[in-house]
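As written, the chains take the letters A, B, C and D, and residue 1 is the first residue of each chain.
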Amino acid sequence: MLNFQNIIEDIYHDIIKHKNYGEVASYIPELASVDSEKLGVCLTTVDGHVFHVGDWQDRFSIQSIVKVLMLSMAYSKLGGQLWQRVGVEPSGTAFNSLGTLEYDEGIPRNPFSNAGAIVVSDVLIDLYDDPRQAMIEMVRAVSGDPSISFDPRVAASEKAEGFRNVALANFIKSLGNINNPVDDVLNLYFDCCSMAVNCEQLAKVFLFFANHGHTTDGSLVLLNPSQTKRMNAIMLTCGFYDEAGDFAYKVGLPGKSGVGGGIVAVLPNHFSIAVWSPRLNEKGNSYRGLSFLERFTSETKLSIF
Amino acid sequence: MLNFQNIIEDIYHDIIKHKNYGEVASYIPELASVDSEKLGVCLTTVDGHVFHVGDWQDRFSIQSIVKVLMLSMAYSKLGGQLWQRVGVEPSGTAFNSLGTLEYDEGIPRNPFSNAGAIVVSDVLIDLYDDPRQAMIEMVRAVSGDPSISFDPRVAASEKAEGFRNVALANFIKSLGNINNPVDDVLNLYFDCCSMAVNCEQLAKVFLFFANHGHTTDGSLVLLNPSQTKRMNAIMLTCGFYDEAGDFAYKVGLPGKSGVGGGIVAVLPNHFSIAVWSPRLNEKGNSYRGLSFLERFTSETKLSIF
Amino acid sequence: MLNFQNIIEDIYHDIIKHKNYGEVASYIPELASVDSEKLGVCLTTVDGHVFHVGDWQDRFSIQSIVKVLMLSMAYSKLGGQLWQRVGVEPSGTAFNSLGTLEYDEGIPRNPFSNAGAIVVSDVLIDLYDDPRQAMIEMVRAVSGDPSISFDPRVAASEKAEGFRNVALANFIKSLGNINNPVDDVLNLYFDCCSMAVNCEQLAKVFLFFANHGHTTDGSLVLLNPSQTKRMNAIMLTCGFYDEAGDFAYKVGLPGKSGVGGGIVAVLPNHFSIAVWSPRLNEKGNSYRGLSFLERFTSETKLSIF
Amino acid sequence: MLNFQNIIEDIYHDIIKHKNYGEVASYIPELASVDSEKLGVCLTTVDGHVFHVGDWQDRFSIQSIVKVLMLSMAYSKLGGQLWQRVGVEPSGTAFNSLGTLEYDEGIPRNPFSNAGAIVVSDVLIDLYDDPRQAMIEMVRAVSGDPSISFDPRVAASEKAEGFRNVALANFIKSLGNINNPVDDVLNLYFDCCSMAVNCEQLAKVFLFFANHGHTTDGSLVLLNPSQTKRMNAIMLTCGFYDEAGDFAYKVGLPGKSGVGGGIVAVLPNHFSIAVWSPRLNEKGNSYRGLSFLERFTSETKLSIF
């Protein structure tokens, strides 16, 4: 068996020795003020081991990674009907593009673009009495940490500056694919994105996707096994915007990134791994996070391919 | 262990009982004249077993499936340099689209679009003394059938009717990403696409991608293990045009389809499977081929996710 | 000299005899409830004659025609600097398209698209203490009718339903080309579009553009002669969305249409003509309005070409 | 009456005193080798006067200006039926763009894009026994110069390097809007574009469009008056690619430019004017040609607006 602790420590120490690249997200002050040189890693396995290194206890903004959780909450209740509202195809465009919507009649190409997640947010309002509560309870239960919460300052800043997302939501509304008031939909979306988590919590939550949709102790079920596979497929093809092909090619794991610098990935039946480092490459994905994962799957030869 | 023979026979018999849908490719007479109700399947495992059912011995036109072999031949010689000429991102557009090229300066988004395969064809001319010979010898050796060959009638029809591909090749040439004369590049591309194979031969050739890049007896090496993984990743994200996400979602295997009605898919470390049925859905992928594979991975629970 | 009164009466009576086509704008109730069979015409000449026929005294919603007046008010104060904020090129796309903005960094292709007019609205807020007052006073003075005003019900409905325009405004704001709060910009835009005018008032206001920018009695100056020519050029190339070429081809006059069914056109140095009929063709331009003007310029041989 | 000779001489001398900008077209050697500092002007009036200055006797490659003559030849025979094959709308895109064709089913937006002119070329082959002969005879007759001819070296170079146009023609063929063999269509197109003319000849030929479609002596009729107006309208909205709006705005005359550095414009009922200067701005229109015409219409106050 591989010594995961040694492996992640070796890669960690090697990466922090090398020059860091990219820019910290700066469109809101709460993200801009993060220490750009942080690097945290946590790996959790389906047989109950946890390995970590670096700044794995620091909390950061989950941002787009939460789209996977939002989608899971909608998919577990609606099943395949959900795909009438949002597709599962990679879009070939940037995360916040409006381009293809105009031709697709308001059906976002996939649920991990901002447009897609906004539609999922609208779906959650219809499906849950209190979707915020449902989301936060699930994350707290899985991670075992009742202190996890949304960050109201981050959410407020997103609302104040999120003209592009306001544009997306209104555009989709004009095309008929949003039922609820735009402000309600965006508020839920911004709140979810503002959740503060650390690497260990994130890895634990995503262990669902490595473990057929339930917690390793079987106490909590997010999705059934078939749905879980399909979530992994969507993460693989759509989880990294217009860098999804590159991530599949270099890392070879289903995963999702966020503009807060987090990346989480899973090897079905084996493990989940969360990496956090704030500087982003030009596609909006963590520079050191990508490096770490590429090194990790190359050295361990662990990938779905 | 699963009884693959029983499983594929059961699915086969169930599928042929149900109504068939879609249209046989009709843009050239050689494809249009195929018996639309054929259905053949062959599964080969890395430990040497072969299972088949239906019209698995009938030869059909390999068409776009050959793009994987062309890419492998180029990638094995050039390595990562190849990605300066063609990307690895899903394009979100149809197989023969010109749209994004205009913004991407002649670099096709991925090697499995027609544009991408035409660039790979240009690369092969520079890399091999006789790329046709190299291709056909490789396929013959792996499949153990020296009678496999290009179909000159199919290639001639493609050349006579292939205005869209002529447009693509000249467009890319105008943008500087084709070195050789356009006619030479297209002739190689059309010749490769014309290869006639049956399901067993196709499955055997694609066993490379389930077996770290070499034949099960180790006698032939197409790619190294790392390259093989990456080929699988590209198949997963780009193998089915703008239905790639859907195939990943429903089938969950790296694979590639062709307009001749063939689909081939692999489960790394386990097996390759070739399915052939000529009627195509509106995305250009075999209707019954997709149904078969979706059923197969659902029932066996064998997928990369 | 041509007998304009006879000519417009003949065309009027011929057109109302023939079947009417198209649909009344129905996205807000105030527009949907208009009598679809109305047809009004008024022609005013630079030498002081006025000719009219049909429902020329009925007021209707000016809608996009007001974009010409908004632009004139901005252009007269800012001059050529204005073109740093909005282009003068036909876009080849529909009036409410977001498509090209993404590539043009928030600079709308022309001031008569919704995007362009929204930017002009933002400019007016910066240029005028009370842009609504300035607009309405100008129109009242020129038309000699102090009762002209914005229609608060129309404006309110537009605000309640205008998701697409909210999307456009926020998108442009996200790209940096709107200075003021989005709501302020849109409120001004919707208010201006809600103005209720009749054919005579509209023709009189647009006589500016046939008369070097000033009223025929010289009492009021909207633009200087050079600016006036340029406004006419922009109307000719951009006044009818993706039907601008067709209008130039068939009618051959600078002009502007609105979704309320109005069309106004000018022959520089000669006349302005306003036509109103609520049913719109699929491009959003008045069906009978276009027919009338095409007949009128064909029979009189009066066009700029 | 204006003293045209003085005016064009004054502008000429002022312009050559100032710095020249832009680049000579260099995609074929025949165009690249032209003396970049040349500037020729010729103005011909419908009442028979001719004024010229500078290098007005030098011949240059007519290039895209010939598209107006090709269209006239097709339109005079086919009438409005022609618009089933090509539109009359400005495209908002560059002269050689393939983008919108994909959505428009092979119907080019307008006849002055390369795509549009290629379709017109196909139409001419169907309409004329010898379209080359018809074209050259018409130009010779109107200009009174039997030595005008196509330049075989220019045409040969265009054929050898014209990958983009080959792409366009094959793309349109694949979409069903070209009847004849692609090579025949392109050969005619390239031949027409290769015609060598000087400013006087060009001005004389375009006097058709200022004079209701016939020569001033009435001996030759190219188009009827209604068709002539419509040709002027198309020139105005589509004659300068994605700079058409700007030309209308700054110059205010129907016209057409070519990559050889020529620009020709007309004031209906008054005059035609040809300007030639090889350096092109980034939109592919003659830098000094545009400057000259902008100055000319500003100073004379002669424009259609």
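We adopt the following convention: a contact is a pair of C-beta atoms (placed from the backbone, for glycine too) under 8 Å apart; a residue touches a chain by one contact, two chains touch by 3 or more.
For clarity, every value in this text was computed on a predicted model and none was experimentally measured.
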If a chain touches chain A and chain B alike, it appears here
none
Overlap of the chain C and chain D neighbour lists contains none
If every chain is reduced to the average of its C-alpha atoms, which one ends up farthest from chain D?
A
Compute the distance, rounded to whole Å, between the mean C-alpha positions of chain A and chain C.
47
Computed distance of Cα centres, chain D from chain A, in Å:
55
Sites on chain A at which at least two other chains make contact:
none
Every pair of chains that touch: which are they?
A-B, A-C, B-D, C-D
Help me check something: in the complex, which residues belonging to chain B touch chain D?
97-99, 102, 163-164, 166-171, 173-174, 182
Per the touch rule, the chain C residues reaching chain D in their complex are 87-93, 100, 109-110, 225-226, 228-230, 232-234, 236-238, 242-246, 248-250, 252, 254, 268, 298, 301, 303-305
